[in-house]
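Presented sequentially are two complexes of subunit A, the first with subunit B as partner and the second with subunit C.
Moving on to the complex of A and B:
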């Protein structure tokens, strides 16, 4: 049974099956329709029947939802024109039908082979997410693997109402190697796993408030996390954006000069760094008092 | 990229299957995805469509596919493959996984 396997080890299709009520998933644009990327084919790169995204509707605990899962192994889960159009359409359908929309993220951002189309698709999806939020339709992102949510998808994930992360999940804009290339190895060593995870990993993102829940790396825990947010959503307004901007300014002031991620952990109430490093999910959350 | 299509003689698929189509594997480095669909034209042949990023291995492909068609009753199925450099043993494994999903369901 998939319940015993760690969530980050499942494929996108297995994740969908493990999260939803048995037999409730109905796929939109399934593989037999062969809606594949025209760009990759032109470049002589193999295409995938679902263009790296599984979308459809299902039930979680009896509640109807729209659901998407990215296939991280296919060009890094990156967003091309078809992949992006599927994402946009799904969130638009969620807004139309007033049903929560859950996105299981595993993506490095825009697919460089189809850059402009991918960028536009991500922007259109963000607009569709804001349409959902304006209608109080919950939008939830799950980030549970080391491919994580980076680039445009990192930004997109923060447009959703809620982000659920595991300790394996990573969230950011530029990935570790990109930062190292630009800033130098002294500034940021992408081979230093502890540093990488303490800056972009689920635990730190939870402490900073970028992730709304930190859960265990199992389908059951992720499903429980999703269930808790299914009824909640809030519109994006000028007031809420300004308030968020203030929070971020405060954060920059507090941590802008910090050279060690442990400083962030300590100031967020983590007394025993060693114990917190070994703890996961809710146990970690219990060891820290989360600040803004 | 190399593309080819070929049908292999195979005993007919059981008249009832759990699903109309099944998918196994993903298009990742050294991996492939295999889709099996009911409704291939002649009921005594397995119709195969292969697209692979590594050219020059057609003989190995034909051997792997014909071996599968020989050992499994897959007549009347359409097999479509997107490949990113999977070794023959993995091709065989994915074909069997897809066949199991098609005939017995996902469990």
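Moving on to the complex of A and C:
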């Protein structure tokens, strides 16, 4: 259907269409309802009829799911009051109906033009995600583009049960340009793409265990990845948080003084950095042992 | 960037106002607070930040460790979270190590505490901005702020610098759109803060009442609509829930 077109090259609605069973997507609050941001309108900035978020329900492999896809082309997929409320509502609907909720992320975080409303919306959505998790309703984040998951949405993605990434996807809080401004070009050259991706990209996140799957940059591969997690959930228990505490402590101790991402790759079993850099996501995953 | 004004009371003074003599049980290490104190004679667990510090991977872990300890050793003890942090410092190594995951872990620990019957109360005492507010403070059952606290996404000057929208334009709009205004009072209009406490308030009594009245039901969208600061969020959410139920 999408042939050789890469997942990260698709638009949000194309991504949805390429992921779900043919014709199964039903959009909630679709563009004809014309729900647009009053903040952007006041600032004279173009608005979007979906406020940069496509939400609805669909089926994947016959299983009913809720699904959201952020529109990166619209103010960087950033979360404003409406965008955020749609997201909160969707996770609450997932909890109510006990249906898995998949979020195709493409967002730099809070939409600055709307101030604190977007920040609160992200906090509310975090609560709704954990509502799902308490009910063992799977919550799955897909991070597949260079806009990636940053700021508050980067944090929010780590609240979901599972994160599926492609090698192209990036996950973090502060992006490279912000860090370069803060630390200087010598410490972090945001134009150094290899360094940028080794810092925040899918490969490193998978190695460290922050991404649960590293898949090819195609709709088919992303769908397969989602399918594997649809029946699963990751419980928040005393055992799980204690194990995670140990793991994150170990990671900080081991790599806290490392300045070169290659150190992380090497100690995680990647022998040939050059080959690993060029490898596709799944090839890379095979090259390195999992960083737990 | 974070220039402390002279009027700001010290971290210890703020703590003493909240916990009286029981402040002894709270240790401050590199501007991260952990410990136990009492409110109205009843034990509370305390985690937090002070001095407008940056919260990094290590700080998140120390806060998380204390929450885990509280769950294990002091079941159902209310957890009071104090926030005075400038956010996360943009740092490449922190990002490489997955700072977002460290914050997510802290949130998971707090969620576990909530599920196990610990009440979670936040008091924004100083700076409560950006990621540092999102990574624990805004996750409470109920959130309060001192009126001297700097609460919100960012001040208008910073917003203007990033969005390239002239500050006077934002200033003018903020008069009718509290979301754009920076501070505890406008944040409360959005529902993000339950109540703002002033210098003349009896903070210990306020805190005791807050713990007693706490509920795990997130009421922020309702508050935002009622107070008129965030008019759309609740209705949009309800619309999603209604349309999806059809």
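Here is the rule we use: the second predicted complex is superposed on the first by the 286 of 292 C-alpha atoms of A that agree within 3 Å, B and C clash if a C-alpha of one lies under 4 Å from a C-alpha of the other, contacts with A are read in each partner's own complex, and residues count from 1 in each chain.
What we mean here is this: a residue touches a chain if its C-beta (ideal position, glycine included) is under 8 Å from a C-beta of that chain, and two chains touch if they have at least 3 such contacts.
Everything numeric in this text was worked out from a predicted model, so none of it was measured.
With subunit A as the common reference, the superposed partners subunit B and subunit C fit together side by side. In the overlay built on the shared chain, the residue A:6 is in contact with neither subunit B nor subunit C.
In the superposition on chain A, no contact is made by A:273 with either subunit B or subunit C.
When the two complexes are overlaid on their common chain A, residue A:124 makes contact with subunit C while staying clear of subunit B.
By the touch criterion defined above, A:71 reaches subunit B but does not reach subunit C. The wider contact with subunit A, measured as residues touched, comes from C rather than the other of subunit B and subunit C.
Looking at the shared chain after the overlay, A:92 reaches subunit C, while subunit B stays out of its contact range.
Once both structures are overlaid on their shared chain A, subunit B and subunit C have a minimum Cα-Cα separation of 14 Å.
Applying the stated touch rule to the two superposed structures, the subunit B and subunit C interfaces on subunit A have no residue in common.
The touching residues of subunit B, when paired with subunit A in their complex, are 1, 20-21, 23, 26-28, 31, 33, 35, 37, 51-53, 80, 82-84, 106.
Within the complex, the subunit A residues that touch subunit C are 28-29, 35, 38-39, 42-43, 55, 57, 66, 81-82, 84-86, 88-90, 92-93, 96-97, 110, 112-124, 126-128, 130, 133-134, 149, 151-152, 154-155, 157-159, 171-174, 178-179, 181-183, 187-188, 198-200, 204-205, 208, 210, 236-238, 240-242, 244-245, 248-249, 251-252, 255-256, 258-259, 261, 264. Across the complex, subunit A meets subunit B through its residues 11-13, 17, 30-32, 34, 44-49, 71, 73-74. Residues of subunit C that touch subunit A in their complex: 57-58, 61, 64-65, 68, 71-72, 88-93, 95-105, 107-109, 111-112, 115, 130-131, 133-135, 138-139, 152-154, 159, 162-163, 165, 169, 173-174, 177, 179-182, 186-187, 190-192, 218, 220-221, 224, 230, 232-234, 236-241, 243-245.
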